[in-house]
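Two complexes, one shared chain (chain A), two partners (chain B, chain C).
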Partner chain A sequence: MKQAFKLAYRNLMGAGLRTWLNVSVLSFSFVVIVFYNGLIDGWNKQARRDTIEWETGNGHLVHKDFDAFDPFTILDGHGNISQIEDKNLSPVLVRQASIYPDGRMMTVALKGINPLQNALKLPTSKLDTACSEVPILIGQNMARSSGLNKGDIVLLQWKDKNGTFDAANAVVADVFKTTVPTVDGGQIYISIKKLWDLTGLQNEASFLIANDQYVNTQTDQWIYKDQDELLITLDNIIATERISGSILYILLMLIALLAIFDTQVLSIFRRQKEIGTYMALGMTKLQVIKLFTVEGLMYSIFAMLVGCIWGIPVLNYFARNGIPYPVENMDDFGISISEIMYPIYGFKLIIGTVIAVVISATIVSYLPARKIARMDAVDAIKGKLQ
Partner chain B sequence: MKYLTILLVAFFALSFATSQDPDANAIIKKIDANMISNSNITTSKMTIYGRRNDRTITAKSYGEGSKKSFTEYLSPEREKGTKMLKLDDKLWIYSPSSDRTIQISGHMLKQSVMGSDLSYEDMMDERKLTEIYTAVVSGSEVLDGRKTWVIDLIAKVTDATYEKQKIWVDKEKFVPLRQDMMAKSGKILKRVSLSNIEKISGRWYPKRMNYKDMLKQGKGTDFEIVTIEFNPKIPAHIFTKASLKK
Partner chain C sequence: MNTEKIITLENVVKRFKVGDGEFTALKDINLNFDKGEFAGLVGPSGSGKTTLLNIIGSLDSPTEGTATVMGKSISELSHKESALLRNHHIGFIFQVYNLLPVYTVYENVEFALLLQNHSAEERKKAVMDALDWVGIADMANKKPAKLSGGEGQRVAIARAMVKKPQILLADEPTANLDAENAHAILQTMKSLNKELDTTFLFSTHDEKVMKYMDRIIHLRDGSVEKDEIINSKSSSK
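Moving on to the complex of A and B:
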């Protein structure tokens, strides 16, 4: 085997530019695979972290009739929380309402939340102010779509528990910036006590947000959804992104592997006399096949080395400085995405990519080398076409 | 003595004036008698005033009591074939372009019908005033050249869409000429101006109504009755979901 590597090394070095062209294409594919997967991993980590901090907390205790993805459940999907005395839970009551910025109607989800909650990063303490208007909190996307800014007054219209309309002026107490669009677009936050007073739904909540000290207290009325369950949509979207992105690097890999395959086919055709000589010197056909396969394998090893030489500084640069990702309207994305994405290159990712590149390069080298098994040693030495 | 006489005269004059105010509940009962029927078939024209252009939509509606109604849009071509069915507190809309029926409920009923100032809820609310409100006459005014009673309505039921209303009722025809619908806080949310009052089948009925969402900009929406038939017999199959796709 050592001999095979030695011979393969000499042959590759002897091939000169052809070898380095193959190695360059393969190393480019290798670095792109690591970079793209690193980017997806980095996005995944950032999106999960931000979604936990801004939306899910440690989990949600959801009223059995409430479904966050079904607006038909908002009206009746709430229950009394007097029985749930747990300081590790923050109640949220969701109602539908309308605001009228500049005389146009916008339907919004009105979310009552405890201003003193600590389960989420939302700056709800800003709601804890006394003023004649109703203090509200909105996100940057909501501010953009409604044209509202901090301190602006807007008319808020809602229905009480009996379905009777009521309206009052609301003041924008603060505009928060988040990377999680699902807590921002089309939503208005208000003190839950205020919402209880406005709607007459005293001590009612649609769901409760758990902090990290919470221990599951699921009942018939309230169903506990942990982080994994709440993040399943995010996981699915990222998995889809990963698959759609893989098309790019599969194409790159195919180009690189095709180049290796072509080189191998050409080598076997042009080096028939050499193959015949190996056989005449006593090498079995299997040993010759192994030699040619090892040559292909060495392309991938060279590609790793070259990839490390130029890839490590480039990948390191992006890992440190991130990649700016200007998002015009975060609502279009539907999931958390940061303005600067930092790729994360994990050990598993790098080893996995190395194995994938080595195995595929070895396979595409072996396939044309199988022809050697059908060669006649004498004809090969003569250089006769077979 | 002189002052006492003036005071007494003023007191009797006031008492006399007050005694001239009829019973407000009797007035709204008369309004209900004019405006509400057991059933009706209406052809209407709705004009929606937009920023750039206006649109007119014609529709044929069937109504029975306060719980059943069915509307089919006849024109323009874009809206033709769109149907709405209301049964109790549920509303379904059928769109021929997508061949789909969707249900609307909750706060979605607050959304405007075809971009007008009318919400689905406004179209659905057909209950009698006497069932929902207690009435008090707060004065009399002349509105558009007609003498009117100004009546304040306060909800006596908990599920009234509007907690308060102020209506200007024609003293002669007992038809409201203006209706201000208010939130619990007293803020005027919607104003309906009624005109072209005609006698149809023995009752006074306004053939033209302007709905104005007071929180929105614009001229509001005109709703004009082209034909109306009171208390006709409507086949039961009209008020079924099957009729939406017919």
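Moving on to the complex of A and C:
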């Protein structure tokens, strides 16, 4: 095998430009595959981290009748939390409401939350303000769609526990910026105590957010959903992104491998005299096949080395500075997406890509090289097409 | 005088398929070659010279009859065994040199030794010795494309001789050379034959080459027409 590597190295070095063209194409594919997967991994990590910090906390203790994905459960999906005295849980009561910015009606989810909670990154302390209007908190997307800004007053309408409509002026205490669209679009946050007073649903909550110290105390009424369960939607979306990304890198790999395959097929035809000479000099057909296969394998090894030379600085630059990802409307994505994405290149990703590229390059080199086994040495020496 | 038989051909017949029929390239060839012979197969194109060399070189095998080279029957050798025989005991020189284009002169000559797993030091000494024999040691780092015809053929001789084979088969080695270069090449081969006692077997239809031969075998239409001993060192069948 050492001999095959030595001869293959000489052949590739001797082939000059042809070798370096193939190596360039393959190294480009290699770096792009690592970059794209790194980007998805970075996105995944950022999205998970931000979603935990802004939405899920350490998990949710959800009322048995409440389903965050079903608006029809908002009305009755709540229960009394007097029995649950755990300082590691922050109650959230969800009600349907309407606001009237500039006289037009917008339906919103009104979320009552403890201004002193520390499970989420939401700046709820801004709700702890004494004023004649109801202090509310909205996200940037909500502010954009409603046309509201910090300090604006808007009419808020809700239904109390008896189904009676009531209304009051609300003041935007703060507009927060988040990368998590599910805590922003169509949502208004107010102090839970205020919401209890407005709706008459004293000590009621739709779910409770757990902090890091929380220990599961699931009951018949309240079902504990841990981070993994709450992040399943995110995981599914990332998995879908990964599949669509894999199509991109399969295409890239195919282009690169096609270049090697094409070179190998051409080599078998163009280098027949050389193949015949190898046999005349005492190489077995198997040794010649091995030589051609190792040549293909070495393309991938060279591609790794060349890819490292130009790829490491480029990938490192993007890992440090991130890639600006201007998002017009975050709601379109459905999951957390940062304005700057930072790729993460894990060991598993790099080794996996290296192995995939090396194995694929070896296979596409071996396939045309098998033709050598059927070659007649005498005809090959003459360079006669077979 | 050395009379050790190194090549024995008994009733060798070679047929090739041509379309639906067959073409007989060699008809009942019976020949023996002793170690150290300097013999030529002479005849017009299509007389079977190259086919005979290919069989002796274990690149091909006879359709009928027995070809025994260094005590081994060519027909009975496996693909690997015949490759080993070529690698260790048979050198080839081709009409168009068949040098490996991406290798330097040094690497071309070194190739056979690489296959024999010699150490780098042994290889270097053997390659430089071989290049010295043929007088092109100063061209070791040149690529074949930069060589003249005569120089290319010298590299081919060095490549064939570097492993010190028992048999050297040369197929029209001077066909692409001018008279001066052809003379120089043949002189080199002749001196290597004397120095190393290697058996040289040529195929040629060049009259000028024949005067260097110790033995000339005339082939016509696949049969031995005449087997001439010019120098007593050679022996006929």
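The working rule: the second predicted complex is superposed on the first by the 386 of 386 C-alpha atoms of A that agree within 3 Å, B and C clash if a C-alpha of one lies under 4 Å from a C-alpha of the other, contacts with A are read in each partner's own complex, and residues count from 1 in each chain.
Just so we're on the same page, a residue touches a chain if its C-beta (ideal position, glycine included) is under 8 Å from a C-beta of that chain, and two chains touch if they have at least 3 such contacts.
All figures in this text were calculated on a predicted structure; none of them were measured in a lab.
S.K.: For the overlay on chain A, clash or fit between chain B and chain C?
M.R.: Chain B and chain C fit side by side in the superposed model.
S.K.: In the superposed arrangement, which partner chain does A:T107 touch: chain B (first), chain C (second), both, or neither?
M.R.: Once the two structures are laid over each other on A, A:T107 reaches chain B alone.
S.K.: Name the contact category of A:G282: first (chain B only), second (chain C only), both, or neither.
M.R.: Second partner only, chain C.
S.K.: Given the touch rule stated above, what does A:N80 touch, chain B (first), chain C (second), both, or neither?
M.R.: neither
S.K.: Using centres of C-alpha atoms, tell me the angle at chain A that chain B and chain C span after the overlay, to the nearest 10°.
M.R.: One gets 150 degrees for this angle.
S.K.: Output check: A:N216 vs chain B and chain C. Expected answer is one of first, second, both, neither. What do you get?
M.R.: neither
S.K.: State the minimum pairwise Cα distance, in Å, between chain B and chain C in the overlaid complexes.
M.R.: Between chain B and chain C, the minimum C-alpha distance equals 71 Å.
S.K.: Shared contact residues on chain A, chain B side and chain C side combined as an intersection?
M.R.: Residues common to the chain A contacts of chain C and of chain B do not exist here, since the sets are disjoint.
S.K.: Give the list of chain C residues in touch with chain A in this complex.
M.R.: Listed in rising order, the residues of chain C that touch chain A are 54, 57, 59-60, 79-80, 83-84, 86-88, 92, 94, 98, 100-103, 107, 111-112, 114-117, 159.
S.K.: Show me the residue ranges of chain B that touch chain A in the complex, using the header's touch definition.
M.R.: Interface residues on the chain B side: 103, 105-108, 110-112, 155, 158-163, 183-185, 187, 189, 213, 215-218.
S.K.: Quick one: which bits of chain A touch chain B in the complex? Just the residue numbers, please.
M.R.: Within the complex, chain A touches chain B at residues 71-72, 74-75, 95-98, 100, 102-105, 107, 155, 157, 159-160, 162-168.
S.K.: Using the touch definition up top, name the residues of chain A that touch chain C in the complex.
M.R.: Residues 3, 6-7, 10-11, 13-15, 273-274, 276-277, 279-287, 377-378, 381.
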